[in-house]
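Before anything else, here is the set of structures, which you'll find just below.
In what comes next, subunit A is part of two complexes: it sits with subunit B in the first one and with subunit C in the second one.
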Partner chain A sequence: MEDLKLKLKEQIIEALNLEGMSPAEIDDAAPMFGEGLGLDSIDALELIVLLEKNYSIRIEDPKDGRAIFESINTMAAYIQSKQIA
Partner chain B sequence: MKQPIYINGLGVISPQKTFDVEGFLTEPIEYHENYILALDAAYKEYINPVQIRRMSRILKMTLSAAKKAMQDAGIEKPDAIIAGSGYGCIDDTEKFLLNMLDNKEMMLNPTAFMQSTHNSVAGMVALNVKCNAYNFTYVHRGFSFETSLLDAMMWMQEGKENVLIGGFDENSVNHHTVTNKIDFWKKEKVDAFDLLKTKTIGSISGEGANFMLLSSNKNEHTYGEVKDVKMCYKPNEEELLEALSKFLKKNNLEIKDIDIYLTGLNGDVTQDRIYYRSINELMKDTPVAWFKHLCGDYYTAGSFGLWVAAQICKRQEAPAILMLDGASPKKPIKNILLYNHYRNINHSFYLIQS
Partner chain C sequence: MKTFIQHFVHIHAQKVLIDGVLRYEETATALDFPAFIRNVYKHFEMQYPKFYKMDDLSKLAFVGAELLNLKKSDVYKSEDKGIVLMNRSSSLYTDALHQASIADKNNYFPSPAVFVYTLPNIAIGELCIRHQISGENYFFVQEHFNPAMLTNYVSLLFRQKHIQQCICGWVELNADNYELFLYSVEQNSENAVKIVDKSPIFASLNLEVDHILNDTDNIKKLYKL
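Here is the complex of A and B:
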């Protein structure tokens, strides 16, 4: 799980061009939108593309995104649950 | 009465040291490739760090250049924003199209799509300075910038006081590869300062983000006055000479009144011929300057030429690197005739007065 979180952080930094940020600076439990990383709705679309491209996971209902993208923890847990299934 | 139009602010990011420097081409850089890129500026000084991460290189260049031009003129919000570009944000366009191909039209990134349109730049500048006024982008190949300038001049005759205009184009590897196949660019390595000695086909591919704040008010920021602009599409030699003659007459000038003849010679032997044979003969007693050895050739390179002319007007000096035969212009430098062409298709005359 820890390896997955680290990889996910690296992919997010690259996809969202979070210049000057390292994986260690992203708190696993901190909210990704609003406070915390301060991402916005366009970033949410980029994250949907990231999941599809890198993990072959397609979010059918965009409403689910709110819970999935809450933090690195929730995102990693979602990826893992899909991979097991 | 015709409203005079002054250039009151400049912001230029080019392959030369033209941004955030005091001097005027004091340290010219010579390139030795047929593909040259603009020097990146300290974009974070002009753009909010939260916004900058999503911006492509051309957006960073143009927004910084636009803000610099307004800052230079002491204007926070213009009455109109008018941009011209031949390629638009071509790097993002290519990125988006390649993604479509690679991913079979699935999983497309929204950012590249949003920024791939030609009018992203003028829109981004407007959002940044909260300007809800007239906002337009002209995409007319080699007339893109000239049309923007003409539009601005017409708006100013109708009462707009401060208009931000800009010409921008970026180099991209894919576009360069394609256009190289159809002889747009030189096949051999070339020393840019010796571009006119090559006598071969093609030019050097350049880029730049060149913005200026035009104003109807003359003040301490003023560089010079834009008296007129004229475009000629695919003229033959006679038509070109006639157009020049009418252009000068319209502005109550004769050839002997021109202090510097600033040309857009691009080093392509098949395209520059028209200059040599006709206008150069006509202007043989006028000091000749050129600028494409400094910025390369691109659809909106005329905007770099206008920056050069504006700087000469204000400083009353033309650095030796600009002068074709080493002849210094006599002072005061009052009238500058800028004659540019893009691939011998789009020809344009500008008259700039100090």
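Here is the complex of A and C:
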């Protein structure tokens, strides 16, 4: 799980152009939208593409993204649950 | 109605000139545009994280507008501020990036962050957000920089009292090249750049008490600096 979180952070930094940010600076539990990483609605769509491109996970309803993309923890848990399934 | 050039910025060939003075030059061997504009952003200590998410055309426009030093004379209401830009390639460079991401049906992953920049007006939108501009905004696509068209259009906006301040200029970016010439215009000459340099190019400008009038001849000359 820790390896997955680290990989996920690296992929997010690259996909969202979070210049100057390192994986270590992203708190696993911090909210990704609003106060945390300060992501916006376009970033949310990029995260949906990231899941599909790198993990072959398709989110059919973008509204589901709110819970899935709450933090690195929730995103990693969702990926893991899909991979097990 | 007289209007005055407040400040003007050139960015091309790895150089940045503000009010005609060389303020930054990339001395390293030829850098690609993303690396060059990132260096300029850092050199002038700009602070705007959204910069990194913009496409290259918007980055060029953003950095140019930051260097216009708008805050010094920024006393106008949002709706009294306008922006009129012009270029040759529209957003074609970003359009091509988007097209490449959807060309292969077996590897079809269009990026929303790229797609949103597939219009030149988005570069204007970024500047409107940054500088609280909600007055007239327009992006002309022309074969070459057209000072007469730009000056006439902007002068009309001032005459009809649609705006009191305007960012104007040429913001061109394509796969091979980039060129920015941006200037700000106001009726007030109080904060406008003063021309004390009497070198031939400046001496030939139409001035009023050392301030540059916003007219076609002046814009043509300043563009060629």
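FYI, the second predicted complex is superposed on the first by the 85 of 85 C-alpha atoms of A that agree within 3 Å, B and C clash if a C-alpha of one lies under 4 Å from a C-alpha of the other, contacts with A are read in each partner's own complex, and residues count from 1 in each chain.
Just so we're on the same page, a residue touches a chain if its C-beta (ideal position, glycine included) is under 8 Å from a C-beta of that chain, and two chains touch if they have at least 3 such contacts.
Fair warning: this is a prediction, and the values are worked out from it, not measured in the lab.
Novice: Looking at the overlay, does A:Gly38 come into contact with subunit B only (first), subunit C only (second), both, or neither?
Specialist: Both partners, subunit B and subunit C.
Novice: Looking at A:Leu16 after the superposition, I want to know if it touches subunit B, subunit C, both of them or none. Which is it: first, second, both, neither?
Specialist: both
Novice: Now for A:Glu46: first (subunit B), second (subunit C), both, or neither, which partner does it touch?
Specialist: A:Glu46 contacts both subunit B and subunit C.
Novice: Would you check which partner chain A:Pro62 touches, where first means subunit B only, second means subunit C only, and both and neither mean what they say?
Specialist: It touches nothing on subunit B or subunit C.
Novice: Of all the subunit A residues, which ones make contact with subunit B and with subunit C?
Specialist: After superposing on chain A, subunit A residues 16-19, 38, 42, 45-46, 49, 52-53 contact both subunit B and subunit C.
Novice: Across the complex, what residues on subunit A touch subunit B?
Specialist: 15-19, 38, 42, 45-46, 49, 52-53
Novice: Using the touch definition from the top, list the residues of subunit B that touch subunit A in their complex.
Specialist: Per the stated touch rule, the residues are 50, 52-54, 103, 106-111, 114.
Novice: If you look only at subunit A, which of its residues touch subunit C in the complex?
Specialist: Residues in contact with subunit C: 16-19, 38, 42-43, 45-46, 49, 52-53.
Novice: In the complex formed with subunit A, which residues of subunit C make contact?
Specialist: Within the complex, subunit C touches subunit A at residues 38, 49, 52-53, 109-113, 116.
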